[in-house]
Structure formats: C-alpha cells, structure tokens
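Mind having a look at this structure? Questions to follow.
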Amino acid sequence: MGNCCESAANFFGPQKNTNMRVSLPAVCFVWQIAMIVLFGVFIRYDEESDAHWIEYRRENNITSDIENDFYFRYPSFQDVHVMIFVGFGFLMTFLKRYSYGGVGFNFLIAAFGLQWALLMQGWFHALNPETGKITIGVESLINADFCCAGSLIAFGALLGKVSPVQTLVVALFGVTLFAVEEYIILDLLHCRDAGGSMVIHCFGGYYGLAISWVLYRPNLHLSKRHHGSIYHSDLFAMIGTLYLWMYWPSFNSAITDHGDGQHRTAINTYLALASSVLTTVALSSMHQKRGKLDMVHIQNATLAGGVAMGTAAEFMITPYGALIVGFCMGIISTFGYLYISPFLEKTLKLQDTCGVHNLHAVPGMLGGFIGAIVAAAASESVYGREGLINTFDFEGEFADRTPGTQGGFQAAGTCVSIAFGLVGGAIVGFILRFPIWGDPGDDNCFDDEVYWELPEDEETVPPVLEYNNHMIHKQQEISESNFSVEQS
Amino acid sequence: MGNCCESAANFFGPQKNTNMRVSLPAVCFVWQIAMIVLFGVFIRYDEESDAHWIEYRRENNITSDIENDFYFRYPSFQDVHVMIFVGFGFLMTFLKRYSYGGVGFNFLIAAFGLQWALLMQGWFHALNPETGKITIGVESLINADFCCAGSLIAFGALLGKVSPVQTLVVALFGVTLFAVEEYIILDLLHCRDAGGSMVIHCFGGYYGLAISWVLYRPNLHLSKRHHGSIYHSDLFAMIGTLYLWMYWPSFNSAITDHGDGQHRTAINTYLALASSVLTTVALSSMHQKRGKLDMVHIQNATLAGGVAMGTAAEFMITPYGALIVGFCMGIISTFGYLYISPFLEKTLKLQDTCGVHNLHAVPGMLGGFIGAIVAAAASESVYGREGLINTFDFEGEFADRTPGTQGGFQAAGTCVSIAFGLVGGAIVGFILRFPIWGDPGDDNCFDDEVYWELPEDEETVPPVLEYNNHMIHKQQEISESNFSVEQS
Amino acid sequence: MGNCCESAANFFGPQKNTNMRVSLPAVCFVWQIAMIVLFGVFIRYDEESDAHWIEYRRENNITSDIENDFYFRYPSFQDVHVMIFVGFGFLMTFLKRYSYGGVGFNFLIAAFGLQWALLMQGWFHALNPETGKITIGVESLINADFCCAGSLIAFGALLGKVSPVQTLVVALFGVTLFAVEEYIILDLLHCRDAGGSMVIHCFGGYYGLAISWVLYRPNLHLSKRHHGSIYHSDLFAMIGTLYLWMYWPSFNSAITDHGDGQHRTAINTYLALASSVLTTVALSSMHQKRGKLDMVHIQNATLAGGVAMGTAAEFMITPYGALIVGFCMGIISTFGYLYISPFLEKTLKLQDTCGVHNLHAVPGMLGGFIGAIVAAAASESVYGREGLINTFDFEGEFADRTPGTQGGFQAAGTCVSIAFGLVGGAIVGFILRFPIWGDPGDDNCFDDEVYWELPEDEETVPPVLEYNNHMIHKQQEISESNFSVEQS
C-alpha cells in the first residue's frame, strides 16, 4: 500500500517531505521547556489549593472544607475534560483511515494548548500586580480546557490536511488569540459568555475556516479514496458525539455562578440539546429520497443546541425558550451540512473536513446574538433585583448598566469574536503556507500512513480487495495465456 | 447488496414500504412544536434554579450555595445521563449490522421521551395548584431520564424489528404509562423505589415483552444472516455494559435521601454488582462444553445485581445482603439467557432481541419483592427511630404505617408495575400492527441498510466474500468456457 | 481456523488442556460464598452510610447533609471506578485477537478483588476492636478499587498468557500482599501515598514482572501471529488511555485531605500528565526514521506523569515541579518501550505484554523517590505551620517528625513496595507453574478462541485472505489441470 501511494505521488510530481523526525520533537521539547520556565516564574497555587488554606479558611470564616471551590466545580471540570479529549477526539475518528490522527493529534493539541492557556489567561485575568504571580485553581483548569476547545474546533476544519507541527502552530496562535479576544469580550465589554458561544465556538469556528480557506488545496480530490467513513469509524465517532451531547450541560455550567447559576444553565442546555436531536432527525430524513438518516447529521447537528446556548443558558431564557433555540439550531445546522457546506466548497473554495461551519461557527454566532436578545429582555420582575445584578454582574464600574445596554455589548462581543477568528485565522493560514511544515501532499491527505506507524496486518477492506483483485488478475492472465496457448 | 436484498424480498412477496421520508419528519416536528407549546404553558424553573434563589436562600436561612440541590445530585445525574445514552445505546450495538440503529434510535427515543417525561411527571408530582405551573430542577432531569429508561428497555426487546416511527410510539405510550404507574406506586401506595426495580425495570421489561409478543414475526428466520454479532460489535457493546455496570450505584442513589440515603444506596449497589459478575462467569463457563465464556452473558447478566437492588439498596439490607442478591441474580439472569429465552421463543412465540426478560423483567420483579421483604423486616433497632421514619418517609398521612404494612404495599406495587407493563404493552403492540408504520419486512430485520445511509465501502466480511466469490465464479466460468473451447 | 491451530499444536506436542468448565465455576462459587459469609461476620455500614446518620449528625453538630463524606468523594470515586473498568479494561484491548480477554478478565479480576480488598483493608485499617466489625463508606470503596489496580497492573504483564483461573489467583494474592504492604507503608512507616505511586504502581508493576519472569515461555514466538494490534484494536485501546489520562487527577486526589488537599492534587496531576504527552510524542517521533508516531507510546507513556505524581501530587511540589516530573517521565517511559523492554526480554527472559515495566514499575518507583525528596524539602514557610502538620499528618505519635525524617521514611516505603512486589510475585509465579491451571499452550497465547465463544462470522482479514487464497489455489489447480488436459 505504501508503494501504491508513492507511485501515485510520483505521478503527480515529487512527493512532499512529511518527515517529522526533527521538527516535531524540536517543537515539543522547546515548548515544554519554555512552559516549565514560565510556570516557574509565574504560576502558583491559589488560596484554595495552597496548603495555607486551613489558615485562610479560618481567617475568612469559611465554615467547611466543602465551601472550597473544588467541590462546586470539579465534577463539571471532569465532564469538560472528557468532552475535550474523548468528545472532540472521537468525534474526529469518523474518517476511515485517519482515526489515529483524529484522536491522537487532538490529544497532542489539547495537552500542548492547556499549558499555554493557563499562562495567557492568567496574565489577562489572574495576575497579582503585587507579587507578579498568577494563581490557579480548578476554575483555571476549566478555562484552560475551554481555551483549547477553540483550537480543537479549528483543527476540525483542517482534519487530515495538516501535519502535527502545523496543528501545534494552530494551537499556539489559537490560544493566544483566544486569550486576547476573551479579555476584550469578557473584561472590557463586560459580556457574559460562560459556555462560550462567542469566545469558544464562534471564534474557533471562524478561525478554523479562515485557515482552511487560505490553505485551499485545489487537488484534494486526489485523496478522495480516504475521504469518507466506514461502518465502524462512524460508530467510534458516535462515542465522541454522545459524550459531547451528554456533558454539554456541564460545559455551559462549569464556570457560571454558584447556586442557581449552575443549576439553571444545566437545565437550559439539557433541553436545547434534546430539542435539536428531533429537528436534526427530521431534516436528515426529509432530505434522503427513502427517508434514511445520515450519520454525519446525527453526529454533528444534534449538538448545535448546546453550542447556541453557550451564552444564554445562564440567563432566564425559560425552559420553552431553550427548546425553541434547540429546535432552530437542529434545522440550521443540518441544513448547513446539506446545502451550505457544498456551496461554500464550490464557490468560496472552502474545504471544511468536519463541517465546523455548521456546528460551531454559525450556531456559535447565533448563540451570541441570542444571548444579546435575552440579555436585553431581562427585567427585575423576572430575575428579582438581586438576581439581575448577580446574573449580569452589574457591579463596580458596571453598576449602572441596563439590560438593554448589556444586550448591545453582547452583540458587539459576538462581532469581536468573528473578527478575531477571521483575521487571526487568515494570518495563521499564511504562516502555515510556508513550505517548511511537513504537511501531506494533495494525494496523501486523510491518511494515517503519513504520520503514524500502522499495524502490519491491516483490517480494512480496500487492500484486501486490491490484493484479491491482484490475484484474480494474475489468475486471469494465466487463464488467458492458457487460452492463447491453446489457440496457437 | 441492496439488489440482493430486494431480490430476496421479491421472492417472498412484495417488499414492505419502509420509506420514512414523510412520517418521521412529521412526527418529530409535530411533537417538538407540541412540546414547545406545552412547556411554554406549564414549565418553569424551581426555586433552586431561578434567579430569585439569592433571595429565597436568605429567606430560608440557607447558609451556603452548596446547599442547592444541584450539588447533591448533579454528579449522579450526569452518571445516569451516561447510562441512558452511552450505556443503553452501546449495549445495543452488539448486532453485526444494526449498530447505528441501536445507538441512534436509542438517542432519538431518549431525547424525544425526556421532554414528555418532564411534563407527565410534572403534572403528577410537581404541579403547583395555585399557579398551574410545573417547576423543574436537577431532580426532575434525573426522573425524566429514568422515565425514558423504561421505554429504552422495551426498545431492547424490539431491537431491529421496528421502524424509527414505531420506536417513538413506544416511547410516547411508554412514558405516559410510566408516569401513571409511578404515581400509583410511589404516591398512592407510598412505596419506596428510588432505583426503580419496579417502576423502571419491571415495568419496562414487561412492556417491551408484551409489545414484542403481539408483534411476533413467524418468518424472522429470514433475517438470520444479520442476527448475530461480530468480534468488534461485541466489543462496542462492552462499552455499554461497563458504563451501565460502573454507574449503576449512581443510578440507584441519584434520587435517594441526602446524606446516608445516597451513601448507603451506592455501597449496596456496588456490592451486588460485583457479586453478580462472579456468578455470571461461573454459570456461563459451566454451560459450555470447554468452559468458554459467552459474551452475551458477560454483557448482560453481570448487570442483574444492579437491577435487583433498585428498590432495596436504600434500605439497611446490609453489605452481605447485597452480595446475596447479586449472587442469586447473576445465576438467575444467566440461566434465563441459556434456557428461559429459547423456551419462551419456542413456546410463547416471544422474540426478545436483547433478552430484556432476563436482564430487566425478572430481576426487576424479584427486586420489587426483595424490597418488600427488606422493608417488612425493618425495625427501629436497626434503623434508629428517626432513621426508620426518614428512610420510609412515614410522615403525614402515612405516619402510622408499620414496616410490615409497608412490605405489603411494596409487593402490591410490584404487581401494579407488571400489570401496567403487560396490559399497556399489549395495547401498544396492537397499535403498532397497523400497516402504516414503515417497519421492515421479515427478511429485512436487524439491518441498518433500511433506515440509514451507509458508507459505500463496507468493511464487513460477507460482502467481500460475496464479491470475491462472484469474481471467482466469473473466473471459473471463463476457465470452463475455456475448457469447452478446448474440447470442441 | 480452529483446525489450523489444533494442527499447529499437534505439531509441537499434545495440546494443553484449557478446559475451564470445572475450575472456573468452582473458584467463582466458592469464593463468592466465602465472601458472603465473611461479609456477614465482619462488614457493616459506617456512621455516614448507616440510617442512624440523622442522629449521629445532630450529636456531632454537623450542620448539613452535604458534610457527609459521600459528597466530598463520590464524584472522584466514580472517576476511579471508570479508570479501573474502562481505563485498564480497554487499554488491554489492543491485541488483535485478545480484546475480549483484555476487557473481560479485567472485569472479572476487579469484581473478584474488590470484595476481598474491602475485607483485607478493613482488617488492617477499619476494624473496630470493640465490636469486631469493619465499617465501610465511600472511601473504602475507593481503596478497594485502588487495591484491585495493583492486580490489574500485574495482569497487564501476563495478558494473553494466563487462564482466567490464574488471573483470579493473581488477584487473590495480589490483594492480600497489597493490604499488607500498604499497612506497613502507610501505618507503620507513616508514609503519605494518596495516589499510590508506591503502594499501587510500583508494587503492582514489580509483582506482575516477577510473575511473568517465573512463567517465562521460551516458545512464545509460536503465538506470534496473534501478538500485535490491528487498526481498530488500537483505537479501542485509545478509549482506555484517554479515560485513564483524563481521570488521573481524580485517582490521585480521591482520598487526599478535604479542601486544599484534593484541590492541589488534582492540579498537579493535570499538569504532569499534560507535560508527559509532549515528551512522549517527541521521543516517539525521534525514534522512527520518518518521524512517525507509535501508538504503543501514545497509549502508554503519556500516562507516566500521572503514575509518578501518585505520591507527590498532594505536596506543595509547585506547578512547574509537576511539569518537570511529567517531562522526565514521558521521556523515561517512552525510552523504556523503545529500548529497555526489548533488552529485558532478551537478557532477563522477561515477557511483559503491556510493558508494565515502563508504565508502572519504573515511574511508580521514581514517583516514590520524588515523593521522598519533595517531603524532605517541605518547610513551614511554604506549607504554613498548620498546613505542614495537616499535609503530612504529623500528629499523635508522629508529632515530632521532621520533613527530613519523613523523606527518609518515604524512600524506605518505596523499597518495601518493590520488595513485596518482587518476592510476592516470584512466589505466586511458582504457584502458577503447577500444571493444573488450564493456561494456554505456547502456540495458543493471545487468542480469545481459547476461553471465549467467538462469533461465527469473523471479521478479521487473515481468514478472508486464507479463504480466498484457498479458492484461488483451487482455481489455479483447475486451470493447471486444464492446461495439462490441453497439452495431452
């Protein structure tokens, strides 16, 4: 099989150099050593994870260890962690010969990105100006996972077309851009976006799409043989889908306010997700001439309700409001997979392997605007006086903000995230076009063979068929020669 | 392959119409719109998930946000959620060509059913007579998941033999019946059944069996080629098994009393499950002439201990009592798979794809009676005076109940659940016999081809063999013609 | 295929008797009945899971049910539970034809071992001298799971080469030895080892290696055809890897101190794991001539950071200290897979199927020594006066211990665990050499066929190729005879 690939490559020109032996280890080592140094200079435990907690607790009249933020957030953190590594990871195993790359590079990007995220987010949000140190706790870990999610979404658009070193470049810039846009949106504009419709999904989606657009491969059809799923690869991908779907209420509620904030966010997300399953199934079935369902839609569009509730889920959107959001998002996302993606590929030359446009970019953007509308509609009668202040954090310099103004800022925040995604992605895309990154040739995409040592006995069918066809051909030749011998 | 199926169908009469293009989208849309309207009229956040919580907390002297029920129950909720979607879903992927249907329709049923469950259970348990509203919180989400479990169990008996629209009908009636029998058992009879041996497993099992009995297919042997597992489909099913097994302590303890109630339930369930693994392995090995283990038993009967502890786990059954329950259930369930299921299929014409009779119906029923016995044996010396009142909720109009009486009511509750399952299932079965639901023909069962768009390059062996045989035959013909040419 | 194996066996002498029909059920039944009797005599609920809790709570001025240890530890317990059954289980599915054995026997060992662990650990740690009873709660369940982990690690070294009865013997002695060494290390030497670098990983690793060394099979190359992975078996193994990786922070923090203890442990483990991913990738890529990654390293060495932080994670190792540990462990573990394991197999005759030497034995041992160094370096200025006492439990008879002394005892504890592993393993190995256990022949290892009823239609490629080659040969013979007919 290796031979066959190489000969195909030779046919279309010299094969690209995909040797990672120097660049990948170099990047990993340099990066990890830099992290150690920077962590040594900057990162310390916060008061809740430091051994001085026992004294801190007494001084602050905290009655019990259970008041430690760990117990409020750790279960949600673990759910988010599963979404990042198993959810995103297995969702990207759907390609027949790129499952190692899907789950493995996802693992690499996230482990690489979360360290940089702790630093970047720390500098912007948790730097103690006196000591010059960043202090971290369980909420920082959740935020670091969130920050990686943006880059993993971008990776979804590039799946199968980039080298591992390129994925690390995507993560490096992705995390950096994320921290900046998050600072602008959450701190400067004082938006609320606990589940990250804007800062995670909208940004990550457009970031990935912009990169992919710059990296357009006109001859990608040469890799067509690997561009599809097989029965069991789609089943592996369902593991990813289901973990994303089930744990999304934890994703959106992981860093919302203690008490009713986390509680309400989980309920709203749960309902929106249920609703988007039904409209996804409906649209998927309507499209096929015999009403058959398409795994691509079930794997992806069912999640759109969770994406779109990332901003509004902590507001009093009401349970039926959550159902309506899920209803619309299931339709919009499935519609995107059916019509928009092929259209974008044809007209805009946009190759989006996982369809992040339909699952993250658009639902994230709409989620930002839904959040703006729900925020603008907030009132003291619905939230209670204290509830309103609490939910939107109308305190300090923002004490005189009205819900209407807040809505405007939320909408502005969404635009910021789109701008950061598109501009940042375009720049990163150009950086990735330098011919030094070891990306695969157009005829060699979506193939684990390039970056992974594969087991010798392969199980997939195509090589078997090839082998047998080969034997049968040989056999035919024998028969034919046989035939000719006879005739002579 | 499509051609071959069709020709087979033609041989046995006109193929059934399995086109879902109108009915499935119609049901999904109508249902989801109805849900939005009903949620709009009825469903609101409860005081712990409403933005007024901050005021409610102060008024009720709740000292900390950690007292919000969210923190008592959310981790268990997420475990239950995983059991419903990954546990049940992947357990049903064991068939070689129905894995999409197993995990996909399970997903659809649950997302469809949980919305209806919030309404049905709300009307019976959480309707505020003054406002006319149902208020929901994390406990409602757990109950909604539980309610779906009944219908998913029923789906296990029907796996591969029904259309997606039929599964939705099963869920619609299943959730409705569940809410009514639950109201009778928990509210009117005042039974305790936190883990649902009676209301979930016993009801769900008999409900599914009754439907399957009415839908008997005399010619199901025509689908024999798809009725079995392959190596990797059994491994996917083990994902489901293990998640059910591991999280069952959360299932049984999710809605038990705060404090010792949840704690004790988890311990008892953990022990019963461990014990049933050993007796399942023992019996499975004893049955085979070389002592080999059967994956069907490992996948299913190991879970019977958890099913049977659904009622008694919150009582003071003692740790060794839990082990005894698991011991017996592993034996009974494996015995069921070995002898009872084949017997029922032969004599009662009962086709039970997943063997829910042995995993849910019988262990659930026995669990109900075990609960009755343990309740009847309760005493103040074991529970403490307050503990007894607390555990059995002997308060209000039930203040003068004795453990003995309670035991009688528990037993009566089990009978109610069986009756609801059998009668309800029979009625739903007759409804599903109308020739309008698009179910597959007898020769077309257990086949994802019917309701799913499958990847073109299939990986399973039979088509490969077929293809090769085809080539070899062709080749043989050439040789033979060759031979005849010679001879002439 | 069965036939082919049998004929191969005949070729190398009489096939071993692998019939489990008597021994496996006998062991399971006897054991489970013994457990029921012993639990009946010894095991009771502790005060937090007993129905008297409501009175206990009042008497001890516990203000809320949320103070029940259940709410501090249950989420971590469930994560540990997943690691034991899905993590270890699926990690061992990587062999192409031993996935059932990997996940199935792992399930059996753990369910068998955890009951014995509750007793053994109870006798040593939780026996009430007045009542003669052991009381159990959620922390006991976590410890029982931990105790099984030691035996599961040992099973990793033996994977594919032992019978199910032998695995139970390994677990029986493994749990017993574990409880004794744990008592010596934690109680007598007063070491801290919450995440078990010493008591779990170091002990379990050397225990398994010693057994494997005694059971050396000189003709194991006869099973070479099954000794490897296929594409999808490696993907199943990644499920195990990722769950171990994600939940390791819960593993290490599950039984550390409430409050800052659990919080800090989770952060440190999270960081060490992230760091070891990067160095694993770097080394794996450096080794291959085209820089390709090896799934064996990604599946295993990425976890070494978690293993090595089992002791030190609860100390104030600092975030960058955690990164450094992970950095080194990724390198050491990958290096082990590349060079040490082949060397040990060649020189020491050590057959270590899963490479537990590189993932558990060495990182566990080093983790013990790292813990010793970090403990010795502890100071009041870093921990605070109370924090130091609290973290190292310098109370009662250990009130006058200094950090320096503690470091010495920690190092001694590591040596104890190695000694127990090696000596205990050697003894168990000799016991397992008696020819009564039904282990497979040298030509029959790594094959599920021996102990599992497999589906008839196998999906793997080799039989297909065999079948086709057979047909093609037949065909060739026809052609050849054809040819000869002609010529005559």
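Each chain carries a letter (A, B and C) given by its place in the written order, and its residues are counted from 1.
Simple rule for what comes next: a contact is a pair of C-beta atoms (placed from the backbone, for glycine too) under 8 Å apart; a residue touches a chain by one contact, two chains touch by 3 or more.
The structure presented is a predicted model; accordingly, all values stated were derived computationally and were not measured.
Taken as a graph of touching chains, this assembly is complete, with every chain in contact with every other. Mostly differing positions are employed by chain A and chain B in their mutual contact, as under half of the interface residue numbers are shared between these two copies. Rounded to whole angstrom units, the spacing between the C-alpha centres of chain A and chain B is 32. Counting partner chains per residue, chain C shows two or more touched chains at residues 63-64, 66, 71, 75, 232, 239, 459-460, 464, 468, 472, 475, 479, 482, 486. Against chain B, in their complex, chain A makes its touches with residues 63-64, 66-67, 71-72, 75-76, 79, 96, 228-232, 234-235, 238-239, 242-243, 245-247, 249-250, 258-260, 262-264, 266-267, 270-271, 273-275, 277-279, 281-283, 285-286, 288-295, 298, 302, 316, 318-320, 323-324, 327, 382-384, 386-388, 390-391, 459-462, 464-465, 468-469, 472, 475-476, 479, 482-483, 486.
Chain C makes touch with chain B in their complex at residues 18-25, 28-29, 31-33, 35-37, 39-40, 43-45, 48-55, 57, 63-66, 68-71, 74-75, 78, 81-82, 85-86, 89-90, 93, 99-100, 103-104, 107-108, 111-112, 114-115, 136-138, 141, 164, 232, 236, 239, 450-460, 464, 467-468, 471-472, 475, 478-479, 482, 485-486.
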